[in-house]
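For reference, chains read A, B, C and D in written order, and residue numbers begin at 1 within each chain.
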Amino acid sequence: MADVIWGLATSHVPSIGAAMDRGKTEDPNWKALFDGYAPARAWLAEHRPDVAIVVYNDHANGIDLDFVPTFGLGTAEQYEVADEGFGRRPVPDVVGHPELALHLVESLVDEEFDLTVFQELHVDHGFTVPLSVWTPDPGDAWPCPVIPLLVNVIQYPQPTAARCYALGQALGRAIRSYPEDLTVGVLGTGGMSHQLAGARAGFINPEFDARWMEQIQTDPAALAALSREELIRQAGAEGIELIMWLVMRGALDDEITKVHSDYFVPASNTAAGIALFDNRGSQPG
Amino acid sequence: MSDTAPDRFGLPGTPIFDGETSRRGLRMNKLFMSLRTAENRERFLADEAAYCQGFGLTPEQQQAVLDRDWQAMIDLGGSIFYVYKLAMMDGRSMQYLGGVFTGMGEEDFLAAMRAGGRRDG
Amino acid sequence: MADVIWGLATSHVPSIGAAMDRGKTEDPNWKALFDGYAPARAWLAEHRPDVAIVVYNDHANGIDLDFVPTFGLGTAEQYEVADEGFGRRPVPDVVGHPELALHLVESLVDEEFDLTVFQELHVDHGFTVPLSVWTPDPGDAWPCPVIPLLVNVIQYPQPTAARCYALGQALGRAIRSYPEDLTVGVLGTGGMSHQLAGARAGFINPEFDARWMEQIQTDPAALAALSREELIRQAGAEGIELIMWLVMRGALDDEITKVHSDYFVPASNTAAGIALFDNRGSQPG
Amino acid sequence: MSDTAPDRFGLPGTPIFDGETSRRGLRMNKLFMSLRTAENRERFLADEAAYCQGFGLTPEQQQAVLDRDWQAMIDLGGSIFYVYKLAMMDGRSMQYLGGVFTGMGEEDFLAAMRAGGRRDG
């Protein structure tokens, strides 16, 4: 049986990756953000899972608008890091975990989630920045194999928050029904509040973000009840991508322990958040 | 909101990239995505109008691209993630675009972000 | 409000299209099949809908195995007929209906169907053969705009039969909630029993096909209860594509009137079936 | 069933194209799909081994393709809908393949189909 040992929620703003790639993490505009990551990174370094699942969205790099899957899951052996226009990030390609991924596909399709199955996929900053938040210096390889779980957050209608939470719950069941003993980390990415275009560009809502940060641990069902429109009103047009945190949250137990969280404005035009949860029940750390 | 994107969501100042918008902007967004390769950027810069025509943009979309009218690109179906590829090619940041969309200019926009971001009303 | 006026179930075997394209419909191997289509075609010619929805699967022409969507829906203005290797079929390209299609997407995603939305798609024989079964001589254009609804029947795990039936029911609700007055025809394609590879290639099961033909009208829930494995056992490895008939059936009323049905073996390696249902309740024909 | 495709479904004589099979056959199926264009068919026929290597087939897959060993192609991850693209190029029908898979030969297979199809045991 496989077990989710932790859940990590984190923004995936490209400039966070760029700041790391260009050695600017001590720059005054960035230092507080990276200092806020330190406790999570230290804990994660001590709790390396056998496999990780990254819930993310692509930003016009791995897929385009010819087809937009609501939910996609990668079963490949390897995922190349996308060149988003000016050279790929200097980070390792991603090793997949086809065996667990195929098990997840069968379980989730049986539970009536209508996945799109990817055997070929280039992953962009939405995927690699969270890996960098977790592991700033991966060397030649990320700490473990990773499975991508894509969510459409760009083209309306996005899946509802409730559907994302339900997917996460089914994902948790699917992981626990895997016959092999494996430890799994789940990353939910995106957010927090931000809006990139329109007269309301630059919108940030720290009150909503604080509520989200609290309830993602204590009352995810309340967040799952929010409509798309309410999410966009409260978190901005692009802040709706917070629904991906709910997929991660659904895969964890009802009771989880917060290891660390932090909040920072602005990363580019975005409120950046991080929240790390220990999912090992009453087990000692 | 522009005429072409009525605010059916009741979210003023907030472009929603829905299916109808995506349909309207498909050719233009494909053009933006193509700018990920240096080769295509060179071809684009060598003759922007011809490149736009090759992708089947409408005259309004082509004019918006040639004029770097960022607001018009959004109104005509551009997705901000795609439009941003053109901005990147021009060496423009997302903060620059924020300055354009809000009418504040880049410097004031950046200052507002550093002060904690913009709020409603 | 839009209304489903009829449902047509039909095989989509490529050789049926080829027989038509090559003028072989009077050939002794084919005559009985096409004679069996005649009453359905005559009725359909009298009952042209404003829009049709074709539930079908692609066969390595419009999409490949890089990504396999469980359910896909096309919102394009036009769909090119695919060249499957030796020239495209001499039939018109397909005009879409983006307005209804986008409405369907919003309704179905709200009902928690995790669609992949296609804005660009080449349609193969799985799509055009049913149109030819319906309209043998389309001239320059098919009788009405058509919306493709793709189902993964090729790569296990296919959606369950129950999920397909539920999708059809939600599709019916979505059509009925469309604000404009439109008449809609729904085509469910594929089947009947057949298997193309393996020691059991050539397998045909007329008893199962007869049951399916009967219960698709009278007791679709019984068919929706069949597991993938049972479907493959009873209908052959490729006969599982009969699940697409259940999507069509779900979009119709509980009580429907059979206009015509017929059954023919073999079309290539396949048992071919056709069944046409009037969905206009107590209205006169 | 072959060694490489254990019958986890309890359906003897019935290849199931599941995720593991699709993964095993991905490169080979891509090759088959590429044969939809005349240009690729010419390149393939000019040097089949080189074409297989270009697509990254395993040595076993390449041998199966070169030998037109249809059963081996299925066993090594081929989807019948993809394998059929190669058969079409060779002028082979689905009935021919049925004759191969069943060991009956094309003529007997065709006769069995015309007689109403084959039945279980």
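Convention: a residue touches a chain if its C-beta (ideal position, glycine included) is under 8 Å from a C-beta of that chain, and two chains touch if they have at least 3 such contacts.
Predicted, not measured: the structure shown is a model, and the values here were computed from it.
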| item | value |
| --- | --- |
| Distance between chain centroids, defined by C-alpha means - chain B, chain D (Å) | 47 |
| Whole-Å gap separating chain A and chain D, where each centre is the average of the chain's CA atoms | 40 |
| Between chain C and chain D, centroid-to-centroid distance (C-alpha), Å | 26 |
| Sequence positions of chain D contacting 2 or more other chains | 18-19, 22, 26 |
| Multi-partner residues of chain A (at least 2 other chains) | 65, 68, 105-106, 117, 119-120, 155, 157 |
| Chain-level touch network, classified as line, ring, star, complete or other | other |
| Pairwise chain contacts under the document criterion | A-B, A-C, A-D, B-C, C-D |
| Residues on chain B engaged by chain C in the complex (per definition of touch) | 18-20, 22-23, 26 |
| Chain D contact footprint on chain C (complex, rising order) | 29, 59-61, 64-65, 68, 83-86, 154-157, 193-206, 229, 232-233, 236-238, 265-266, 268-269, 271 |
| Touching residues (chain side chain C, partner chain B) in the complex | 75-77, 98, 102, 105-106, 117, 119-120 |
| Complex contacts: residues of chain A adjacent to chain C | 65-72, 105-106, 109-110, 112-121, 155, 157-160, 162-163, 166 |
| Parts of chain B lying in touch with chain A, wherever the complex brings them together | 1, 9-19, 22, 26, 29-30, 32-33, 35-37, 74, 79-85, 88-89, 93-95, 97-98, 101-103, 109, 112-114, 116-120 |
